[in-house]
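What follows is a pair of complexes built around chain A, which joins chain B in one and chain C in the other.
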Partner chain A sequence: MKIFNCETGMKKLVRVGGAILLSGLMLAPMSSLFAVQGMGAKSQEAFLRMRTVTFFDTRFSFTPSNRVKVGDEFTCTGKVMLMPTWPQEIPFSGISFFNFFVPGPQVLRKAIFVNEKYFQFNSVVLEKGGVYEYKMINQARTPGIWPVGPMVSMEEAGPFIGPEEFLTIEGSGAGFTNPVKTLLGNTIDLENYGEGRMIAWTLLTSAIAVVWLVYWCSKPFTRRLGLVAAGRKEDLFSPMDRQVCFLFTIGTIVLVAAAAMITKAQYPITIPIQETKYYIKPLPPEPALIQAEVTDATYDVPGRTLSFHLQVKNIGDKPVVLKEFLTANVRFLNPDVPGNTWNENYPEVNGGPMRVTPSEPINPGETKTLEVSMQSAEWENQRLTMYHESTNRFGGLLFFTDTSGTRQVFAIADQIVIPKFGATMGGGM
Partner chain B sequence: MAQATTQTVSISIPDKSAFSWKNLWIALAIITAFEIAVNVYERAFAFAKGLDYFTPDYQTYWMSILYTELILEPTTLIALCSWLWVTRDRAMENLAPAEELRRYWNLGLFVVVYTVLLYWGASYYTEQDGTWHQTVIRDTDFTPSHIIEFYQSYPIYIVAGVGSMVYAMTRLPQYAKAFSVPYAVLVGSPLMIFPNVGLNEFGHTRWFMEELFVAPLHWGFVMFGWGALAILGTWLQICPRVVELIKQVYYGKPATPPAVVLNDPEKATDPALCEV
Partner chain C sequence: MQQVAAEAEARALERKFDIVVLVSMFLAILSGFHIHQMLTAGDWSFWIDWKDRMWWPVVAPIMDITFPAACQAILWTKFKAPIGATFSCAGLFFGQWMNRYWNFWGWAHYPLNFVFPETLLPQAIVLDGVLMITNNFVVTALIGGELWGWLFYPSNWPMIAPYHVPVEYYGQLMSVADLIQYQYIRTSTPEYIRMVETGTMRSFAGGVLGVSAFFSGFCSVIMYFIWWYFGYFFGWTKFIKHSKV
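Then we have the complex of A and B:
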């Protein structure tokens, strides 16, 4: 009969428990059991989202299924406008990096094109008021459900994010590889390239540090204070100590120098990390159909309605209509324009209808004052309620089209909004 | 250096169990288990339930933790300090050397626990927060990372640090009547990281900056973290008295009586007491 050994049993229990715990730690982020939510962009201030970088024409190649398998490539395309009047509160450097946001390295960024130029590693310098077209090629890496979308990170100003979709990555990430052909023609797998070398160096240098600490910490500490007090501080260092110090100093230098030389011999051809910034011209301006100016704007708080007056002059040769207002990844469509209906594949939030009065097209040469009104719960849901903030200004893009389908994007960059609180909310004013 | 006074109380050699590591290992095991549990929770629910503050799930999975922290932490600090104060030694001038030595041992263990908790807060979770900001978008006050880093791990090490200092002030003659600058820096400087969180959040709300670890807004964290180096000064203050007590208890040599240390604690910090 096998006798249960308590000590051995406990050790096994600890080992098995530890293994389960560590497995849980490693696997928890990969689990698709937990559905994800958005990236929380609406915790950012309204004027930050409405008046800085506006994404439009965004398309994901994985729609409408929003499903890909591990290893599949997919694209995200679209345009961004850097609003012509940048908020004073936010630094503007123009030095920007186009990226694809996702919580953690769940997808690989294979390539990014800005205005059809290839950029993988470098930042680009953008201009206020400029429109830039991008194409991002990504590859699914880790199974799960992830919020994904385009973003622009600007030096000093931080990240600005575009519309998002929830992408389901199916399959197993176990055999995933990321082969890259180097300039010398050999192929390496970036998933584990240099991993062994990195671990070995970390262990080696940590071991040196531990030995150094153990050597000195193992000496009596308080007795050494006494030696100092007795004026015998020279006794603190024995000849052996000096030899150890010499050995560590010279040994470390030799080790680093030798390692550098060995690495240099192993990899004779290298290039430094490229830091060049590319100045990139904005897209050429679209055909001018109209000239416009916002004259006033109000936000009706109880009615959740943003209204503004817009003076528009048609300078083209065809009738023009106002089709859409887009701000902070929320779209409001004019239902009076034929065929202007919501498409479920749009990655933006559907803000609802945009009422334009008068609704008739603006004829060539005609100047009209339009009253644009958008009543929507999304002003509150998306926290685009400017009356809470220190800057009661809004921005966004107006899309005009003529009868031939030609489009002009007009930016409202810096319009003050007067909140209307109503009789019950005015506080006696 | 000759001592001006002689020891008159009878000396008893304490049992070995008075200097046991047991309590430290228990505390470290609890801390480790707690931090691993926190880590598992973060990995399970940070991305899954913690990206959008405005969802009901966020309130359930994260804000409930924050509210619990905000209640438990000050309650623990008040309870611990009150207990230490109520049970303080009211006759320290008669403290037996063996008992004083045992209390220094306990203080050492307390400081080790504080140090480990300080590591989790100011190193592990702070680095983790840097990673969070590189992964998720802009900084806000209540991210899952902040709820663990700022509002859980920092207050916990503050409770341990302040608790250890109150322990010293209520049980050791050296700290009962005088104020130790290095000890105050050791506890107070990392404590100031917590108020600095307020400045940090104000800055991120007002200045809309790029989230960089090296941003000037974050310098306060580093500066106050460096205050932990005052542990060297603290040990320099403690060591001479500990050596003096060891020599008294185990070798029968005379030592400064606790009543003298109580009124002139600087006497007990003389490195000459470490002479062998």
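Then we have the complex of A and C:
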């Protein structure tokens, strides 16, 4: 009969348990539970996303399939507005870089145009209240499923993330090339240009260092500690050691100098890395259809409803309707406007319907106070509720259109929101 | 006969012990130096378009002479082994290559020509050599520290020169390094270099490379002293009085 040994059993248990725990920890990052879900825009504060930079009219050329092959080019177009009332809490320098976000170089950024002008690799200076139109041309490089989208990085303020789509890149990355012609007339492949030379120099300098280390480490090492402590330092070096040391020291300096000079001769024409900043004028303002002012706003916490009053004066010559509200890449559409239905190809999040009361159009010369109400789970899902934050103000873009289809974008950028903690479902004012 | 066999066995055991000590030291220094380098030089070392910007030949050598100085303080004063700088820089270089190969290339798919590390090995050998020849850490700081700063740029120029060949792209003049960084997206963080960087190596018409190298060497001298004493302090084994043992 086998007798259970408590001590051995416990040891085995600890060993097996430890192995399972360690394996779990190592495999955890590979689990779908930890899969990357987008670019983390939701981790930014609501007021930052709603009141700084707002992307609109974003379109990807790969929709609706969201699939491209390695080597295919695709575009991302759209507009971005720098909100006129920039939050005091967030520094504004205007020095920005238009970017295309993707986790690493899974796509190549072939070119970006801002207001139809080629956008350099350097920064631009943007204006508050300005609208800028962008076109980003990219090329698929690495197979996989990647979140992609437009983005603006601003000095001191950080990255502002536009609407995203998940793009599937099909095919094989093997054999992908990225040829470029230099001004010296030769064609190079950016995928591996200069690699052989870099590896050769790395191996050469490493080999010299290894020989130096092997020379010294091949002698008894730990024993040296005792000999030094015993005051027998001089016994540790032979005349050959000193010659080797001299040879390596002078030889290395000569080698570096020679290699630099040979390289200079091989590459007589080089330029410094470029650096500049330049201004881009914003787009001309859109036709003025309305004058508007938000007078008050509330957020019904249990009802998940943002509501505000909007005083609107029609200064155009055609009836005007409020069609849409867009904030932090979430769109709310007015269902009372004919044909104003959600298009699945839009990259933004569908926030749901926007109730506008009264729903009738505002006639030319008429002034009306509209009650705008949006009940949506997306306020919570997208972490756009402001009652948790130190700055409970909201912003976003209102889209008005007249009967001819002319559009005016109106920015709400600095409206305080009063939360209603005990209100019942239903929203409204 | 028996004594000879015992001596041979002792020698073999001593070599095995040496190997254990050296490998352990190598891994420990590799870890510490690599973390230090990532935190201090960081992006200056990661990207080809940051190399040769105004601060790279200044920041990288100053931040990287630290561990070589500290290791020399231990390996020279305790063991009289002139390998402190080379040993630590080889560790850093090995760690950096593992990082660049597995993480940057293997995982994130950056081409190696965008992310390879700069070499410090030639300067390290010279620093070790100067210490052994002079047998004086003050002279090593003054001469070796300056050489450390001066040799950094020419040690790396054979690798980075091809990336300074000019390219015309959409009517703009760029270097190959500019073009690589433009096309191979880094998503966000390093974009700030374009915003904060107000000068390149050749901003002042005639070039600032010599000035940068001299300044780098000057600061490296100071850093050498500071980190020599760090190494000396942490290599000190007299923490407990004999009477208390």
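Quick notes on this one:
Methods note: the second predicted complex is superposed on the first by the 324 of 429 C-alpha atoms of A that agree within 3 Å, B and C clash if a C-alpha of one lies under 4 Å from a C-alpha of the other, contacts with A are read in each partner's own complex, and residues count from 1 in each chain.
We adopt the following convention: a residue touches a chain if its C-beta (ideal position, glycine included) is under 8 Å from a C-beta of that chain, and two chains touch if they have at least 3 such contacts.
Keep in mind that what you see is a predicted model, and the values were worked out from it rather than measured.
Look at A:L190: by the touch rule set out above, it reaches chain C but stays clear of chain B. Shared-chain residue A:A288: touches no atom of chain B or chain C. By the touch criterion defined above, A:L203 reaches neither chain B nor chain C.
Touched residues of chain A were counted for both chain B and chain C, and C has more of them. In the superposed pair of complexes, A:K264 makes contact with chain C only, with no contact to chain B.
Using the contact criterion defined above for the overlaid structures, shared-chain residue A:P159 touches chain B and also reaches chain C.
By the document's definition of touching, of the two partners only chain B reaches A:E89; chain C does not.
Of the two partner chains, both chain B and chain C are touched by A:V228.
Of the two partner chains placed by superposition, only chain C is touched by A:V107; chain B is not. In the superposition on chain A, chain A positions 39, 101, 103-104, 151, 153-155, 159, 221-225, 228 are in contact with chain B in one complex as well as with chain C in the other.
Interface residues of chain A facing chain C in the complex, by the touch rule stated above, are 39, 93, 95-97, 99-111, 118, 120-123, 141-142, 151, 153-155, 159, 173, 178, 180-184, 188, 190-195, 197-198, 201-202, 205-206, 208-210, 212-213, 216-217, 220-225, 227-228, 233, 236-237, 242, 245-246, 248-249, 252-253, 255-257, 259-260, 262-264, 266-267, 269-275, 277.
Taken together, the chain A residues at the contact with chain B in this complex read 21, 24-25, 28-29, 31, 34-45, 48, 89-91, 101, 103-104, 147, 151, 153-159, 161, 221-226, 228-230, 383. Put simply, chain C touches chain A in their complex at residues 14-15, 17-18, 21-22, 49, 52-53, 77-83, 86-87, 89-90, 93, 97, 108-113, 116, 119, 121-122, 124-126, 128-130, 132-133, 147, 151, 154-155, 157-159, 161-188, 191-192, 194-203. On the chain B side of its complex with chain A, the touching residues are 1, 36, 39-40, 43-45, 47-49, 51-55, 57-58, 135-138, 140, 206-211, 235-236, 239-240, 242-243, 270-276.
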